[in-house]
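So, here come the structures, one by one.
Below are two complexes that have subunit A in common, paired first with subunit B and then with subunit C.
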Partner chain A sequence: MTQTDPILRVENLRTELALSSGAIEVVRGVSFSVNKGETLGIVGESGSGKSMTALSIMRVLPRPIGRIASGSIHLNGRDLVPLSETEMTRIRGREIGMILQDPHTSLNPVYTVGNQVIEALQINQQRGGLLQKAIDLLKKVNVADAERRVHAFPHQMSGGMKQRVVGAISIAGAPKVIIADEPTTALDVTIQLQYLELLEQIQQETGTAIVFITHDLGIVARLCHRLVVMYAGRIVEEGTVDDVFDAPSHPYTVALLHSVPHVDRKVDRLYAIEGNPPALHEIGQGCSFAPRCPLADERCRTVAPPTVAGRSKAPDHFAACWKSGELA
Partner chain B sequence: MLTFLLKRTLYALISLLVITLIVFSLSHLSGNPLDALLPDDATPAQIEQVTRHLGLDRPIWVQYLTFLQNAAVGDFGDSLKWKGQTAAEVVWQRLPATLQLGGLALLISIVVALPLGVMAAVYKNTALDAVATVIALLGQSLPAFWLGLVLMWIFAVILGWFPTSGYGGLSHMILPAIAMAWFQVAALTRLTRSAMLEVLDAEYIKLARVKGVRERSVIWKHAFRNAAIVPVTYFGVLAGSLLTGSVVIETVFNWPGTGWLAITAIQGRDFPVVQTVVLFFALLFLLANLIVDILYALIDPRIRNT
Partner chain C sequence: MRRLPLVPIALLLLVLIIPAFFAQWIAPHDPYISNLRARLQPPVGFGGTWEYPLGTDRLGRCMFSRILHGAKYALGISMVGIAIGAILGTALGLISGYLRGWVDVVIMRLVDITFALPSILLALALAAISGPSLGLVVLVVVFVIWGFFARQVRAEALSLRERDFVARARVAGASGPRIVLRYILPNIMNTIIVLATLQIGVVIILEATLSFLGIGIPRPAPAWGLLVADGRQLIVSNWWISLFPGLAILLTVLSVNLIGDWLRDWLDPKLRQA
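Presenting the complex of A and B:
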């Protein structure tokens, strides 16, 4: 194989939450990989396990209820799952970073922006002239008037600005992978576009791989090279953006694409698919999408579907469906 | 920041004024002060003389202003029980004892409760958390005087490790201070724990973790500083209940502070002294709350900038 080795390879990841009502599996055997400099989109309805997948990779699942039950997460060839908390602390920020969804709550309200950026620099072994380095970093993420803003508190900034600061923090250690969990959902449309451009710019400059989690297929079309579609804790389809958009091979993906009127417009209509995703403790034997699938039959309801080649026939296009051949 | 503090100080002064008004009115509501001052068989001439001397023949608001004027310079009249001393002198002499004991109790509360509350939150649902919960439960269901007596009985009477009561050094202070602090430890631990639990769920804690901050720093730098607002708020209440608690505990342990003084003065109908104690307590309480406001502003920039 001439393909570059993936920088991040997740294999058969299973994550559980211990709730008072019993343990539920929120990530149920997820595998994907991301290459250097590549942007992978993860899409799926609310509750499909996108964030739990991201938090598993970062090893910051909700405490004390979250736990990786099995699987491996290879970052640059090293499995993160067995690492101790101390070892993991050294990897976070330096080798893998993350941008959270809501800029209004992700910065610490009692410290200045500068303090929080400098902290990230210090974690990454930067010494001396830290204030100037923080200002430079803020400039890099297009924070206007960085010399003054570095002394501001988060509550004195707009959402778009705060998300830029979060971006600056995530690149302070020049990680090889950045996971962005719906980083633009809380922003206005115009600010969203600027932020996406910023991410593209960062990627071009640093060659970092990005895992971009979103509801928005328009953003996927614009920003991502490949995508995985998640449903009820599983990946139901995976492929290049072109292949999946041109030849969707899972009924859920088809429905998602149908609910997007214009690929370049911000949409949030995943909910337009009739019915709701199953409650995770109700998932039975067969295909989890069966209750909402127009093609579902008895086999779908009783036997879990195999992973098959996607309709594009490209070697990296897959879907988990009994009837993907019947989609036209 | 400065305007914030000025505003708070102004509020404190207004509260103080209201308190003086209440204290003053109480002294008039609780019957004619003369009854307390004069022997039962006083002659009309004596009554006349004392009335004039105290200014009781003047309009009430003039009396209040005089009272304020005197209070401002610490003049609350002469003590009736401790002859030859002014009320202010009597209280002033007892104040250090109360501050020592209260200070030690405060120190114990903070040093025990804050780390315990923080750790109970961090290790939620573990044995440590259970221990903290039991302490909190016990502390809040045991009355301080009863705990004081039990402590005295076990550690002073039976084991003889500490003196039973009276004024003295650290060994005299430990039992009463623990008795005073116990309830506060309980309340403060519970508050700190729940405040920390809430903060530990915040997104900025998640961000601190994903950016590679060490766990200890996540807890103390990122979480505790935010959670601290809650125990700091309680500090005002804490100071107040330590003062009122001193009345009970000082009496139980025969500790000659202002709390003990208050009881003794009430029993001896030494009204000027009672009045002075009340005003002193009010002043300390307002001071504690002013400190709370300052701490607030130091902790949280959002408060500072409003």
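Presenting the complex of A and C:
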């Protein structure tokens, strides 16, 4: 586990969607890396490009409109961008897995969950004793009474159970990286924590790297080692969770942290960031956050911000902001 | 949930299925042997005898026996024609809906063309070239119905391929053929079954039409359409020759459609739970 040899390294990724009104760039030069056994959080509002980044890595962008315009995605030293669909099929599930947001629609309604876990095992070239292996996998993701549940259909299970099954399917091929795209958003709050603990447990047992996409900073604090904050298709801040939470170095991160409600603080109004994220086809030369930023000046609006060291002065803490130094 | 449609099922068994399999044991006479002394006998109740319950035709052949034997053609052609048409249409519909792009355009324009071509005219042209035959009837049946399957299956495949469980299968490493065969096809199966059932009526009428026009099953086979055609010139004086085969067609198509309607409701999980 060295900093120089990450399992997943995304460099200057640019992804476009070809809409009828013209192509728009939804991911605009994103770079980050994840090490073995590490959990990276990707945080941002809806439309910040975090899900598009995940779909780009999996190479499952909406067809035919989505495409990776430039950049590289190195998984275990191999660039995924130039690979053919056939080659990608072999990589998905085995080297990189994904957990989707809504467990209620993520399973095929016509087969039992056991059947679907077995299918995932078959895709990964497992042979013999598959039913037992499926039961073992379900036990691994804490499905109680797995021997009986393996024969249940998805509609006979709760959302939390189904998301566990989806988890079991995604670890069937023992991937080195799992991308989890808001896997707890559709779950009851009481189940969310259990599911996060399950992900941690899987990570400890298998050493899988996890990329956790969320807009919930509480989850990031609970689960992740490092995080990147995305805004309008760009990374605006990156660092360890401790550094970013203690010394947020981009006005957007500051505002995000400020808008998390606290139980122990009584306020009349919850804080919200003024305005809306920019429409992606309206982005100009300067900082995308400038229109909503309290510190923005003329330079912010006209010149793209540089990447500067974060206020924590840690070597792996960066922000893309002109005014980082003025934050207190 | 609607109750099992017992009357249509009983009718279908009585008119189509039992005769199709057991005609040679049930029928009182050989359908091909004429008895010139018993020509144009009326049915029982209209001056006829139980010797010929539904009367006889111009050559003195037993109408009852001929109708019973005719069921074989109706059932056989609809089963074979629909099986081929459904498999062909489903396969092309799946390819069309899953791949989209130019493949989709080509296949859907082919469907438009087959819907635009008058099938009877096509059958007439083919019959003029090769002469009427069983194979020709099946060919025309397949030609007429495959497009219904292709269109319906494509529409459902288009919507299913955007569903989350298909996305999940893709990110779990499922290949294109696997997604089509395991994720899309099984979720369309209900539709295909209902569509196939509802097509039986269409096909039986089509087969009868072709036979009636003399471009379907060759004489002297007792296909229902041929029997109706046989009685056409005598319809005023000897109405029974056309009426009873026509009635067989009517009852079969009616009960098949009623069963199809019921099946559609029964296979729909939303209606089933209600």
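In this text, the second predicted complex is superposed on the first by the 315 of 328 C-alpha atoms of A that agree within 3 Å, B and C clash if a C-alpha of one lies under 4 Å from a C-alpha of the other, contacts with A are read in each partner's own complex, and residues count from 1 in each chain.
One rule holds in what follows: contacts are C-beta pairs under 8 Å (C-beta built on N, C-alpha and C of every residue); 3 or more make two chains touch, one makes a residue touch a chain.
Remember, it's a predicted structure, so these values are computed and weren't measured experimentally.
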**Asked** After the match on subunit A, would you call subunit B and subunit C a fit or a clash?
**Response** clash
**Message:** For A:Ile169 in the superposed arrangement: first (subunit B), second (subunit C), both or neither?
**Reply:** both
**Message:** Contacts for A:Phe153 in the overlay, against subunit B (first) and subunit C (second): which applies, first, second, both or neither?
**Reply:** first
**Message:** Quick one: is A:Ile7 in contact with subunit B, with subunit C, with both, or with neither? Answer first, second, both or neither.
**Reply:** neither
**Message:** Under the stated touch criterion, which partner chain does A:Leu61 make contact with: subunit B (first), subunit C (second), both, or neither?
**Reply:** neither
**Asked** Hey, what residues of subunit A end up touching subunit B and subunit C alike?
**Response** 58, 60, 63-64, 85, 89-94, 97-98, 100, 102, 105-111, 119-120, 123-124, 166, 169-170, 172-173
**Message:** Quick check: in the complex, which residue numbers of subunit A touch subunit C?
**Reply:** 58, 60, 63-64, 85-86, 89-94, 97-98, 100, 102, 105-111, 119-120, 123-124, 166, 169-170, 172-173
**Request:** Under the touch definition given earlier, write down the residues of subunit B that touch subunit A in their complex.
**Result:** 124-125, 200-204, 206-215, 222, 225-226, 299-302, 305
**Prompt:** Which positions of subunit C touch subunit A when the two form their complex?
**Reply:** 100-101, 163-165, 167-176, 178, 182-183, 186-187, 189
**Complete:** Listed in rising order, subunit A residues that touch subunit B in their complex are 58, 60, 62-64, 85, 89-94, 97-98, 100-102, 105-112, 119-120, 123-124, 153, 155-156, 166, 169-170, 172-173
